[in-house]
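Two complexes are shown next, each including chain A; its partner changes from chain B in the first to chain C in the second.
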Partner chain A sequence: MTLFEKTTLALALVGGLAIPLFLHNEPYFIRVAASVLYFIILSSSWNLLLGYAGQLSFAHAAFAGIGAYTSGLLSAGFLGENICTGLIENSLGFVSDVLCGEGYSRDFRYGIHPLIGVFAACLVATGIGWCLGRMCLRTRGPYLALMTLGFSETVRLILQIEHDYTRGSLGLRIPYLWTTDDGLPNHAIGYFIMLALTVLTIFILYRLVNSEKGLYLKAIREDEDIAAVMGVDVIKWKVRAFVISSAFAGLAGALYAHLFVQVLAPQMLLILEMGLILAMTIVGGLGTLTGPVIGAILLVVLWEFMRDISPYAHMLLFATLVIVVMKFFRGGLFGLVSTWLKERNLIAKAPPFTVD
Partner chain B sequence: MDYYLLSQLINGVIFGLIYALIALGLTIVFSIMRVVNFSHGEFYMLGGYTLYALTSGAVTFFSIPLSMPTIIGLPIAMVAVAIFAIAIERGMLRPIYTVRMDRPEEYAIILTFGLSLFLQYGALTVVGPYEMTPGAFWEGSKHILGDLYLAGDRLFATGVSVLLIGITIYFIYGTWTGRALMATAQNRVGSTVVGINTVRMNMIAMALAGLLAGAAGAAMAPIFLVYPDVGQIPVIKAFVIIVLGGMGSIPGAVVAAIILGIVESLGSVYISVAYRDVFAFLVLIGVLLFRPHGLFGQKERRA
Partner chain C sequence: MTDTEEILGVSNRHVFEVANGSIAFGGNQALEAVSFAMTKGQLLGLIGPNGSGKTTLLNATSGIYPLNTGVINFEGRSIEKSSPHEIARAGIARTFQIARIFPRMTALENMLAPGFTVRDPDTEDRTTLIHRAKEHLEFLDIDGFAHEQAADLSGGQRMLLQFARALMLKPRLMLLDEPFGGIHPLLVERILQRISDLRSRGIDFIVVSHDLPTIMGLATRIIVLANGRLIADGTPSEVREDPGVIEAYLGV
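Take a look at the complex of A and B:
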């Protein structure tokens, strides 16, 4: 890393930490900032799949939704009275009381603690991701894109149909992970948790991408046959990339749901959400770690400004941006900036095709 | 024979033929261009909207409300969508074959996916999320046999599909242009060597896809109505069909569409109506587990 990169990173971190200090009286801005972080996690982890391993999945929003619903259903008492009776109920209630204080366990008495739910969500997303990856990454061709599109619509339909359990489009009310004394969500703490997860995600992705494993993924992206000849187990690493990225999506979806979204609806699995993640990654810059971050910040801010115009205007603009970027500068915004920065030796010049 | 089961089978076949019309264009484009057109569902939507604009009288042309008969609106809608498809091929997909680029498949999928979002949200912005009903093609319900009655529109849509599938198959297998298309699908370089203009073949494939999707959208508009994301579920079913039939296989697409129609029809009777749209995905899982190259597809050759 050059000095410039280090400074930018430090500034970004300080800025991220400082936001709640200045805006702690403005829940709206903190919520927007938190949604920026949510989309940074989603688009960065999706970028691992498309930008580094070259595999296109349309199920990333669905995995976030699966994470949110897994944790939400578990902690909202989906298991219900029939199963959670006696000892289990008492012990769960006790755990919830200890972790969240009184006042928590009134509505969600049969549920497990959201924190356990978040881990369960991560596990479920990982498991489903592994199954789906094993199934459609064996063969080459656009099977993953087709399968994941079908998968995400199917999961959405099932969540809508099984309204006895998920409450369908009525929305599933789920407990907050962290509340203030009056039972409202604590936005500042929620924001810091999201920030921690974002930093963790980007750190893990950075380590992964700049390791030997990252090299395998890039080799698969460039040419699967040659990668296989060079001794990369192509299917194994494609599946691993898919699993890692879906695990992050599940984790982010569940945490964000418990921290900021109180009511889950199947609409969070719409193709539209996937379109947002895709637009952020593409506009920011595919195949770089910085790109999705820039894209997420820029597009969420644009989106907030466009809320007044029309509820559909932002998506129309983002779709246009995706088409323009793909057609004219595939590197995205960061690709444009990085050539300028590279000329001035501000960021590392050669693409890191070697391992330190 | 049990009339109930028979009527369900007929219903399934009818749905299958309608699906086949949507899937056929997708599979032709894939076989020629090696591109999955993610905006195919929006071609379907545009067909429905064009028919509505031409026939309902809601749109005026030099202050004359357009209210032509639906039967004339159908071919105009087909041609309009085909012209749009050609424009998309020229403007967006042509660089895949004329310019050297990295990972063309990724480029095509993202571009068509962006286009699909653009058209959906464009439709939402321009006409709003309302469901619109173009006039019927064939009013009333028709008696088939026993106690089986079918809506006239549904029969009309089936007739249109059978006719268009027949014409397409004749066009592909019976004319020189069709043979050139097949040659391009088999070997691009080889067909360039023998003098086929493969870039033109791309255009013809896209135009064909536009015609078929526009016809499907227009013929189905009186049954399923028209709204901005009307193409979403049909196009996912078309994806399932082309995977089941084998990517790029034309007879495969027709057979797979009828299979899917029957599975859905029987499944929604004997298992659950609500899960009707989920069966397609179960079929997809089955195909990818047991026969990844599909019913009629060829096993991929490793380079």
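Take a look at the complex of A and C:
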């Protein structure tokens, strides 16, 4: 990562920390800021797949949805209720005290504690990511995109149709992870938790892409055959990238749901949602850590400004932006700015692998 | 030799050995029952007309297109069923006829990716690996591009880069497909010099080339393919005089 990239990220972090100080009385702004963080996590982790490993997956929003619903169903729904009543009936009092959220909130008497739900969500997303990855990543070219598209629509339809368990399109009400004294969600704390997860995500991705693992992924992106002939276990690394990115999506989906979304609906798995992640990553800059951050901030803000025009106006704009970026500057906004600065020698080229 | 070895015609005395190797692409028999064996210290020149199956033989060896039938042995282990990355780590590295580098990675990153896959963590850290990569780049005169995107290299420089990159695997057998194509004569000298250095350190080579004077001078032994079949196998002078070879290849 170049010094310029580090500075940009550091500034973004300081800005992120400062936002609640100024806006703590404005729940609307905190919510928008939190959704920026949510999308930063999703697009950064999706960027690991497309930007670094060159794998186009359309299942990222679905993994966020799988995370949210796993935790939601465990803590609020039928599933959690069954587990917890079972535990109580078998007088496993101690286990149920730890696991279940009894007394945690009067609306969700019998459900697993949401924090455990979030943990389970991450595990489930990881597991499904591993299975799906093992199945799809042996193929090349457009097949991964097609298979993940099919997968995400299937999951969405299941969530919609299994009305008895998920409440379908009516939405599944889920408990908040952190409430204020009057039982309302504590958005300031929620914001900081999201910020912490964002920083953690970017830090882990930073460590990953600047290690030999990052080199393997890039080699795979450039040429799978040659990567293999150069000793890279292509399938293993593709599956690992897929699992890591699914885990982040599941975690972000579940955490964001319990902190800011009161009612889960299968719409969060819509391909439009995937389109947002795609647009943010590409407009910000594929294959850099800073790009998706910039993209998520910019597009969420634009989206908020366009809410009054029409519910889909933003998608029209974002689609146009994606086309323009792909046609004229593949590096996205971040690529544009950094080449501009490099040409004027305002920033040095500092490649990751140097001996100091 | 044990019985099975006798049947397959394969033994451990040879570093590298292909027995009855065949590959068909659809109805096109690209390799047909090719057999040869190489002892340590040889530099094998592989020649033949266009489309005779030279590249296909290298592809089969490095695991890109597995043999339909037949056996490939390297240092006493059969590798014809192994995947490309296993073969690479077992000590076989190669270059390509049309240089295939990782374009959107720097030249140094091109070098380090294979370097890390065979790194021994006890004896080599990141710094020594980078130093080794830079030495290889320097020797071939492309160290100035270490931090440039490989996409910016010229065709000849790409050939040099993929040669250097193959060395990062610390191979014991190198397969070079047309290594001198499009390279300045002075640098061809460099590559030849490096090849002889490496040979004195016990690395074996199979070199495919259409540059007959160079390959005849370099190789200790030549094998000739035509239409997927091995039509001659011998020292350069034997092969040069072989009537079949003259008809199929040299005569044209």
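FYI, the second predicted complex is superposed on the first by the 309 of 356 C-alpha atoms of A that agree within 3 Å, B and C clash if a C-alpha of one lies under 4 Å from a C-alpha of the other, contacts with A are read in each partner's own complex, and residues count from 1 in each chain.
The rule is simple: a residue touches a chain if its C-beta (ideal position, glycine included) is under 8 Å from a C-beta of that chain, and two chains touch if they have at least 3 such contacts.
Being a predicted model, the structure only gives us computed values, none of them experimental.
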State whether A:Val234 touches chain B only (first), chain C only (second), both chains, or neither. second
Touching partner for A:Lys342 - first (chain B), second (chain C), both, neither: neither
Touch test for A:Tyr216: chain B only (first), chain C only (second), both, or neither? second
Going by the contact rule set out at the top, does A:Ser310 touch chain B (first), chain C (second), both, or neither? first
With both complexes overlaid on chain A, does A:Asp225 touch chain B (first), chain C (second), both or neither? both
Greater residue coverage of chain A in the superposed arrangement, chain B or chain C: B
Report for A:Arg207: first if it touches chain B alone, second if chain C alone, otherwise both or neither. neither
Could you look at A:Gly141 and tell me whether it touches chain B, chain C, both or neither (first, second, both, neither)? first
Could you give the residue numbers on chain A that contact chain B in one complex and chain C in the other? 221, 225
Counting only contacts in the complex, chain A reaches chain C at residues 212, 215-216, 218-219, 221-223, 225-234, 287, 349, 351, 353-355
Report the residues of chain B in contact with chain A in the complex, numbered from low to high. 36, 38, 92, 95, 102-103, 105-107, 109-111, 113-115, 117-118, 121-122, 124-125, 232-233, 236, 239-240, 243, 247, 274-275, 277-278, 280-281, 284-285, 288-289, 292-293, 300, 302-303
In their shared complex, at which residues does chain A touch chain B? 50, 54, 56, 58, 135-136, 138-143, 145-147, 149-151, 153-154, 157-158, 161, 221, 225, 271-272, 275, 278-279, 282, 310, 312-313, 315-316, 318-320, 322-323, 326-327, 330
In the complex, chain C residues that touch chain A: 62-64, 83-85, 87-89, 93-94, 96, 100-106, 108-109, 112-114, 116-119, 126-127, 130-131, 147, 165, 168-169
